[in-house]
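Note that the chains take the letters A, B, C and D in the order they are written out, and that residue 1 is the start of every chain.
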Amino acid sequence: MDVIEYTPEPEQYAWTFGGVAPTHRIKPGSVLRLWTEDAFCGRLRDITDMPSRALNMPYVNPQTGPFYVDGAEPGDTLALHFVDLTPARDWGASTTIPFFGGLTGTDRTATLQDPLSERTWIYQVNSERQTVEFAAQASDLRLELPMAPMLGTVGVAPAAGEVRSSLVPDTFGGNMDTPEMHAGATCYLGVNVDGALFSVGDGHYRQGEGEACGTAVEGAMHVTMLVELIKGGAPAWPRIETDEHLVVIGSSRPLEDAWRASQVDMIRWFGELYGLDKLDGYQLLTQISEAPLANVVDANYSAATKVAKALLPRAEVYRGTHGRLREAASTIA
Amino acid sequence: MDVIEYTPEPEQYAWTFGGVAPTHRIKPGSVLRLWTEDAFCGRLRDITDMPSRALNMPYVNPQTGPFYVDGAEPGDTLALHFVDLTPARDWGASTTIPFFGGLTGTDRTATLQDPLSERTWIYQVNSERQTVEFAAQASDLRLELPMAPMLGTVGVAPAAGEVRSSLVPDTFGGNMDTPEMHAGATCYLGVNVDGALFSVGDGHYRQGEGEACGTAVEGAMHVTMLVELIKGGAPAWPRIETDEHLVVIGSSRPLEDAWRASQVDMIRWFGELYGLDKLDGYQLLTQISEAPLANVVDANYSAATKVAKALLPRAEVYRGTHGRLREAASTIA
Amino acid sequence: MDVIEYTPEPEQYAWTFGGVAPTHRIKPGSVLRLWTEDAFCGRLRDITDMPSRALNMPYVNPQTGPFYVDGAEPGDTLALHFVDLTPARDWGASTTIPFFGGLTGTDRTATLQDPLSERTWIYQVNSERQTVEFAAQASDLRLELPMAPMLGTVGVAPAAGEVRSSLVPDTFGGNMDTPEMHAGATCYLGVNVDGALFSVGDGHYRQGEGEACGTAVEGAMHVTMLVELIKGGAPAWPRIETDEHLVVIGSSRPLEDAWRASQVDMIRWFGELYGLDKLDGYQLLTQISEAPLANVVDANYSAATKVAKALLPRAEVYRGTHGRLREAASTIA
Amino acid sequence: MDVIEYTPEPEQYAWTFGGVAPTHRIKPGSVLRLWTEDAFCGRLRDITDMPSRALNMPYVNPQTGPFYVDGAEPGDTLALHFVDLTPARDWGASTTIPFFGGLTGTDRTATLQDPLSERTWIYQVNSERQTVEFAAQASDLRLELPMAPMLGTVGVAPAAGEVRSSLVPDTFGGNMDTPEMHAGATCYLGVNVDGALFSVGDGHYRQGEGEACGTAVEGAMHVTMLVELIKGGAPAWPRIETDEHLVVIGSSRPLEDAWRASQVDMIRWFGELYGLDKLDGYQLLTQISEAPLANVVDANYSAATKVAKALLPRAEVYRGTHGRLREAASTIA
């Protein structure tokens, strides 16, 4: 297996999906050992660091990549398996950004009220206990919360010549901010351009579903991942497979449309795996779907449709790709 | 403890929240042993029963009740604890109703396409294995799915003299269709009128999050429940407490507004329980919220904000009501 | 022609559609000379009157009625023709109500920001010049604006036993807040209950499309209207006919669904009038529809689909009802 | 005045805003005499031409440009004045594209229903009478409709390095599809990149508000326009000025957010022009706003907030730019 180790310099960060020359050309089957900077570019380090001063908009959410995958062509399916996500710092940060977030007016949900105050929280990481510590600021509450590392942003170059901000999720993936993107998961993305040109970033040490205030426990991350290429079979929306679940992530507005897109693609997936017609698939999904929200804050909202494999017949998903990647992962972890 | 046993006759069904005279007057602390008819009034019994012919619109989703709770006044909090939910039939039914459901145009999301075909599924209940069986119709797939009984509809009379269809969820509860409403859960509802006038119905033997096609595995239910009254403290939106979780259900359109309402009320709840200010509460919720959808099909959509108690400090929730009800339940189950 | 003159006493106001006994029983063909109180119950009379103190929630938006129309049965069409709308006071009022309005967070679009400040504006009516005067408060700007009297709220009792707040628009009409409801207009409403039980209120001396802050230039109104009954033909959504236009008002959330509902019903109307199939109707509407918003502030938003008769072939709309009512109006104005 | 005449060859069409090298470098004050191809690339010429076969997705909605404007820098305001829009063909075309449009499920508003049938309509242009002719296909109705030429797509390169499809409207303008973009109008756009890099296209011989089926009477267009540059003052959203109106176009989803964005920016504009504070601006706008929809079909929906100048005090809008451009236009028309 080819092994690529890469820690980008700040000038190498990618701020968009598409529109960026690849930093590496890799073969399917490669192992990547990457470092990703946090969404704040590491600029929020203390509770006195306020986003309006510390951040250099729109240069937020830097991505590591893009990677050109040999042989990837439009219509193919890129499989990205996350072997390990390990926090690269002993602290993470979260904050309220004026007119950004799910429970505030924004530039789109435009209201006339004053913005919420800015406040920054720093979470200490306890690696031994695998926790991060929440510390309230207006009162004394401190809570140890389990670490749950994930990547907020995983995507490929968009179709039709578009270049999209790393803040936006859509059919190409991007800033979906779903807790389903954890170690052990395989993400399937439809390839839109030669080489796929994927990149990853936006490590979260922990995040709730919906990411209400717009920023998780953001932190630099060591990412170990495997890359596979499946010819053909490009899904309409990003799909995720774990040992226990099948997941589709839809991204749109209003939120019901994000959910609808993910539901319809899961029904399509049922058709591919089990030959269910759309009405039977609709019925089955109605009774077994989990529907955890991903983000209700980004330029598109993201919703997950998630199904436990234990409820379904065994099936050969993408020709057994996830199982093979899990095995390969066990040899390198 | 007073024990009320009640199986309504069809002419005693309630079709609305509000606007109906109480069938019973009960004391706080009462035990209710009820029977609830399914949302189809038991009219879909075979895969050849089609909703367009078998249902008598708008007479669907009949409720058992309403119950007048002695001493309940506007501003109080009604606590309904579900001790046991047991299927009252050995089959459940689901169907596609023309222009109703999450993945079809409706009278609101009005489109010009032809409706989806009607199709009815009958699920056989296996009480021993505690399963229901899905049987595809266009192919041979059969799947045994775990039973997971819940009530789709729980509510009180609305405020401001309104009378609302039992198909609609809102601040008064109603047709929230959330799988969080299972045995072992305590539902807290704000009282709007003297006596509260609550009713329950719409048993589901199983339902996925979102209830995509609009109908779960619908079935008549034996419901054992306890009723408590807490003076004052009426929550803005229905809240649910289980041994493991705190939950708020918001209901509105678009779906992000249902989610927003539930999130803001959970932050309010954090304030009540822990004295967190709204920014600290927003931050904490961002990192620990679960956000499983309830329904994306009814006149209002419903979203749950759900938090694991294990992540939070111990707290006296509604003066320990849930714990006391759990204990009382153990004496009668 | 029967002529009914009626100025309700405050204890006679109706606060809901449905759930209220009729104040009068009238015959089709009757003339009504009514007085309607403003949405604030006349309590905002000075710029120092603040809604949080002066209003007695939820007792706002009082309606005059309901009227039982002899012979009206479910499925029929009620035609309400507004002959004259004349301000009944020499001032109107508007205000910002905390957490109510289109450009602020609300109980549904729930955000954590502080509310906007309350501010009340009083508009002096100049009957001679037919204007109302806007006076800015934080600066010196004063503007004379043309008077444009309309009724914000016109509706019948809802279907399925529901009782709805006078603040809510839906298929039964209600608080649509459309400037299309002016003198000279005929409003067609589907009848849901025996007698139709319509009421009217919420006079606006002037209102922009969308009613952004949630309150127009609210004022008591002298309303002269004619009532007709058309057997059968109940439209799905309120329709309005003027000498120049056909209009349908849809009410839902999100706003696109209000628009969709009104568009689909206009296509249906084209089918009734001209025999256009739905695709030809869709095409024609695409090129000739006007789409002025009505309200983006109420519990449901309202959107108008409006078509100039001049662009269409002559047609017998509701058997010429509007024309006959215009003639009748000319004899009584 | 510099005069640029330009008819692009098909290989010179731009399919995106951003990401394309300029075809011309022009000076502020230049006159452009352009030709724009229709959104279908001229491929729908007969009612038997069906989009699924005739169109080469995603190569639709070709733009003429982009033009690099000397001296334009981020933060500046580009003023584009449309002197004349004259149909370049004697026919226009419209069609139903499967799963595209406002009254059908789409890839976002994902439903399981079958698509609407494809149908193509050809409109004959009568230059003398200045009309286009609608011809129903399932029946005999033919209607002569007034010509009302406009440009559906006008925009500059987006900010933050994004490249967006010519099908998408957003803060940079783009595919807003508003009938307000007619001859005599001046469009103000905020400049995001050096040179502004604007382009124009998507001529409509006529379009209703909302553009329900997704395609107007699409036609190639002769465009005569003037280009001015205003240093600084970049608006948040595209603004339009005519002799009679001020207009802001917001683009987002759900539709209420498009409307909110346009309303808030109009209140900001009132502040710039008249020194109104935001509450007084909110109040005034509530009573005088027109709110005609633009499109409810594109990747973002577009809504116009429109105010009659006659209702407002005289003001120096963008230092009198529109008036000067009108004068200049009169010398070249």
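Quick note on the criterion: contacts are C-beta pairs under 8 Å (C-beta built on N, C-alpha and C of every residue); 3 or more make two chains touch, one makes a residue touch a chain.
Please read these numbers as outputs of a predicted model, since none were measured by experiment.
Novice: When chain B touches chain C, do the two copies use mostly the same residue numbers, with over half shared, or different ones?
Specialist: On the two sides of the chain C and chain B interface, the residue numbers are mostly the same, over half being shared.
Novice: More C-beta pairs touching across which pair, C-D or B-D?
Specialist: By number of C-beta pairs in contact, C-D is the larger.
Novice: Express in whole angstrom the distance between the two chain centres, defined as the mean CA positions of chain B and chain C.
Specialist: Roughly 35 Å, centre to centre.
Novice: Between chain C and chain D, what is the separation of their C-alpha centroids in Å?
Specialist: 32
Novice: Would you kindly tell me how far, in whole Å, the mean C-alpha position of chain D lies from that of chain B?
Specialist: So the centroids are 47 Å from each other.
Novice: Find every residue in chain A that makes contact with two or more other chains and list them.
Specialist: Each of 103, 109-112, 116, 253-254, 260, 263-264, 267, 279, 282 in chain A touches at least two other chains.
Novice: Would you pull the chain A residues touching chain C in the complex into a rising list?
Specialist: 103-105, 109-116, 254
Novice: What part of chain C is in contact with chain D in the complex they form?
Specialist: For this pair, the touching residues of chain C are 94, 96, 101-103, 116-117, 119, 121, 134, 136-139, 141, 143, 145-146, 206-217, 253-256, 259-260, 263-264, 267, 274-277, 279-280, 282-293, 296, 301, 303, 305, 311-313.
Novice: Tell me, which parts of chain A touch chain D in their complex?
Specialist: Residues 15-16, 18-19, 58, 107-112, 159-165, 236, 250, 252-254, 257, 260-261, 263-265, 267, 278-279, 282 of chain A touch chain D in their complex.
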